[in-house]
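All chains are identified by letter, namely A, B, C and D, in their written order; residue positions are counted from 1 within each chain.
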Amino acid sequence: MEEGRVYLGNLDVAAKRARDILLGKIKLEKVVDWANAFSLWPVHLTTSCCSTEFAATFGPRFDGEQFGALPWVGPRQTNLIVIEGTVTRKMACAVRVTWEQMPHPKFAIAMGACALDGGLFYNSYNVVRPWEVIPIDIYIPGCPPRPESVARAIVELQRRIRSRRVASSWIREGWRPDRDYVAPKEDYCSWQRTSSPVPL
Amino acid sequence: MAVHEALAAIIGWPPIWQVLIIGFIGSLVVSIFAVWFERKAAARVQRRLGPYWASPRLGGLLHLIADLARYAFQYPIIPRRVDVVPFLAAPIAGLIIALLPLAVIPFTSNPSYWPLPPAAMEYSLLIALAIATLPPIFIIAAGWASNNPFAVIGGVREAFIIVAYELIAILGFLGAAAAVGSFNLVEIVAAQEGFKWLILLNPIAFLAVFIAIVMSTSAFPFEIPESEAEVVAGPFTEYSGILYALNMGGAYMRRFVLAILTVLAFLGGWQPLTPGEGLLWGYILPSIVVVAKAVVIVLAISFLRAVYGRYRLDQALDMAWKILLPLALAGIALGLIEASIGVV
Amino acid sequence: MSGEVRVYGGWRDDLGLRVIPSKRIGKDVYEVFIGPQHPGSGHMRIIIRVDGDVIVEADPDIGYVHRTMEKLGEIRGWIKPIPLFERMAIHDACNITLPYVRAVEKLMGVEAPLRAKYLRVLLCEINRIASHLYGFAIFSIFLGHSTMYMWAMGDREVFIQLAEELTGARLTHSYPIPGGVRRDIPQGFPDMARRAVRYMRKRLEEYRKMFLENPVIRSRLEGVGVIPKNLAAELGLVGPNARGSGIAYDVRIIEPYEVYDELDFEVPVYTEGDALARTYVRVEEIAQSLRIIEQVVDWLEKKPREPIVDESIYKKYPPLHKKILESQGRAKLLPWMATMKVPAGAAIGRGETGRGEIIYYVESDGGVNPYRVRIVTPSARNVIAFKYALPGHRVMDLPAIYGSLDYFPPEADR
Amino acid sequence: MVEARERAEGVVGPRRYEEVLKAARSRAEEALRAVGVSFSIEEGKGFVDLVVDVDSVVRAAEALKAAGFDHVVSVTAVDYPKRKQIKVAYHVTSYLDPEIAGGIVGLAVYLPRASPEMPSLTSVWVSAEFMEREVYEFFGVHFRGHPDLRPLLLVPELAEKHPLRKDFVVREESIYEGVPERVRRG
């Protein structure tokens, strides 16, 4: 297939070169990081009762939209997931699936004491720690955290994306090296195979 | 003929640069501005700030640029279960065809800047309408290619809505054409000389057309195909990254193009300006007037989000068939009466 | 003076019993899984089977926020379940913990002093308004009306701030404790409360104009999700959902706990049973809660400060804590409360939360832990309505019905 | 307004709860006696439990339903490992009968802990449907004739363990559970 290469070229090399030119030579890196920082759209996934404070964050008094964060409906169009409180065994699968449906670069904020280490429910039999399920960028303590601290977390995430070049390096490398160590999906989604919804 | 001359002729051909400059660049700017206005106006009504901190001096306009850039660089996911070719082709084709009506719409009465030869201009309204009703086909295709229950439901809803609004839009524009007695957009504009705008003479037809535009571009209160409370993002549920941006941009661009058509048919086109000779007076200034009027319509549609919820599908269809269709027919009748009396 | 039932409504007289269609399962029926990651589902999943555009069967799949409240309630003594249980409905914290506290009080044989009862009622009504406004906000975003969402969320902050002023916490107040409450009202609170009441009255009028009388919203709600009176009683619906169907039932008048029998308020009942009726019940209840707040604040201002904990508990306070209680009006929780023992027996405590009747069945074997705490929250009882109210409606009616039932999954899953 | 008030039957005025409870209790006792079901009484604070045999529970439930107790407030189950029994109590009350509206009466049965099984009362009270599913998963009580007996809140593997039974022990307070080992760090 040597002739084929004459006409088509090596697509991988070409794509890599184009990427290098786009991101390296023209200094698009800064634009990418800036764009990701100011367009953090949280996906609509309510895991627990912190959702009331999350809703208040985007209410008129605290107005999270002023940071460019717009809660959005589907995971495919978003780049931020906010774990709003406790994650139960049943919900863990939904969290994981939603995370996998989001296109990268994507970020995660864990909200509330339950998302840190279980909080009030640390010895409950039905609660998992969200950092086992998906990689988390920012933790917000509090039970529930005040809307101000949610806004603070968004600002902190923006700062981190811009200062550490998270988004652009993620796009350049194609993956994020420090963010792949979570338990396998089967740990959380195995029950879905065994549970049988009513046959149609 | 040398190659570069041929290229220059093609690029210099009025339909092409009309589509490229007014169509692509103009409507991109207008859509970004319209989305910004939509979010900002809603925020004002809702007693909050809206997008702000990316550019406090511009009132957060750069947030929209950031959204666009983020979509452009985000990794587009193509799920394994989709039908790849229509999945990729639908948003691109939809966007291009949404802009194509601009290739036949005149922005001036100066014949040297018309996109079509004068003979073809006779039917410019009909050609523009014919093309303008095409893009929803690609939305349905996008929904079906996604192979996702929500996308399929969204596509079906879009199909229902198309059938309802298409007829109304065409009949509404026919009301304008009937009043003037011509399908030539230049003549329709010329007939509105001296503030005899058709919005004043035939408000019924204008109302029908306006609501049809709102319905066709799924703006509130008819945001039914993308109604997030039941079908997530409707036909675009599986789209991510730049493909989704194309889809969303397509809706706003379609709104803009239809608004331009409405401006020509009802709002007096480039009047009160009278196009003269030369590029500036003959083309650029008239088209700026037309675009400015179209932007007003687009912003008015955007503002509806702050006031209304959304109708149910069957209620919207009810309204379309039982109220708007008779309204549009009445618009035609009114136009014919006016034409026979000689008001226009 | 006491609560009385007031029947409103009558804009649709022709509503009879709605027949639920039989389960037609044909070839063209397909399944749609709505949730848990879905803008119209909250923290639950509804599996609906759809024939064309009509729902033929709905199967609510809940438990996504099951946090084992009943089990944890058995191992944490008698005091610590209070902050635990209020996580069920975090924006209705006082209403949801008060019945538990009352059940424990029944077992212990103590009773809160009068001032504490008034203070409990005050916070309960503030929470009820906040809860209704939250439900209202979620409801309107389901219908695509973002402005109403923002307005309700913004006005909810007023009452959250009021509660914060009273208890020190935005949402998780842990305010009632067995035998009293934690705090007395701070300086300047009555005026603040009256300002909030005046403001909210004005806003309710604007809600009417913007939302309730909006033609689009009305066409989405009128005659949708009708639950006739008999069906509502059969399903055991509670709260505004039952009162929207013509059932005049409110724990505040059935079993007038605290000081509800000394207050003047009305319980609005609508007879239509559709989504609009349920919405109107909530709006009227906000207005009635405002009335109650005014009366309670007047009473609190007129009466001199008294102890806010029961005498049997007050006796056990060390002198320093007594001083704090008298000077600052703060009742400290004492170490012995963590290991206190409660006489054996079983008690049912109940109360009216924003979403309806909540029941705690508390059983004690005389030990330091409750032997069994059974919690039946209003949402847990309302969830059955999805199964029986959804069939026969269009898919686009699902958010309207869901929102009008004001269902809150963390509360239902416990 | 007056017409609307008349239409809403069964409007309850404020009253003392003790009187309602007394009325409800005597009504329930009469109903059970009328169908010849023998019962014993367990007093609680704010309610009363009428304990019947498993065999006669359906008849008793039908009698209570006919007497006006139209919905189930709670299906309460309590595990007594020492007595090797599980108590299942249907706490019922009425909406439509103003005389007994709100008075909570329990229809209780004691089941053997080893194989708890009883007929489902869903056919009598529709409102018990989801609560019976809950008792099924948390206590393992099998309800014969329930239309749809699946776990409601728990994932299936957890529902098999019946978490609310007393021999399902959760870790006590003040013992901090460390980082699970299966999460590979770095």
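Basically, a residue touches a chain if its C-beta (ideal position, glycine included) is under 8 Å from a C-beta of that chain, and two chains touch if they have at least 3 such contacts.
Since we're looking at a predicted model, the values are computed, not measured.
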Shared touching partners of subunit A and subunit C are B, D
Write out the two chains that share the greatest number of C-beta pairs in contact. C-D
Relative to subunit C, largest Cα-centroid distance belongs to chain B
How far is the middle of subunit B from the middle of subunit D, if each middle is the mean of its Cα atoms, in Å? 60
Indicate the whole-number Å distance between the mean C-alpha point of subunit C and the mean C-alpha point of subunit D. 22
Roughly how far is subunit B from subunit C, going centre to centre by Cα mean, in whole Å? 46
Counting in whole Å, what is the centre-to-centre distance of subunit A and subunit D, each centre being its mean C-alpha position? 43
Residues touching two or more other chains, restricted to subunit C: which are they? 38-39, 63, 66, 68, 71-72, 150-151, 154
Got the subunit D residues that touch at least 2 other chains? 151, 154-155, 163, 168, 170, 172-173
By the touch definition above, subunit B meets two or more other chains at residues 46-48, 228, 232
Which two-chain combinations touch? A-B, A-C, A-D, B-C, C-D
Taking the touch rule as given, give the residues of subunit A at its contact with subunit D in the complex, in rising order. 89-90, 118, 122-126, 129, 131-132, 181-183, 187, 191, 194-195, 198
Interface residues, subunit D side, partner subunit C - complex: 1, 3-5, 7-8, 10-15, 17, 20, 42, 44-47, 70-74, 76-79, 91, 95-96, 101-102, 104, 125-127, 129-131, 138, 151-155, 163-164, 168, 170, 172-173
Spell out the part of subunit A that touches subunit B in their complex, as residue ranges. 31-32, 34-39, 41, 59-61, 63, 65-68, 70, 73-74, 76-77, 79, 101, 103-105, 167, 171
The subunit C residues in contact with subunit B across the complex are 30, 32-34, 38-40, 53, 140-148, 150-151, 154, 214, 216-217, 219-220, 394-399
Residues on subunit B engaged by subunit A in the complex (per definition of touch): 39, 43, 46-54, 60, 62-63, 65-71, 73-77, 228, 232-233, 236-241, 244
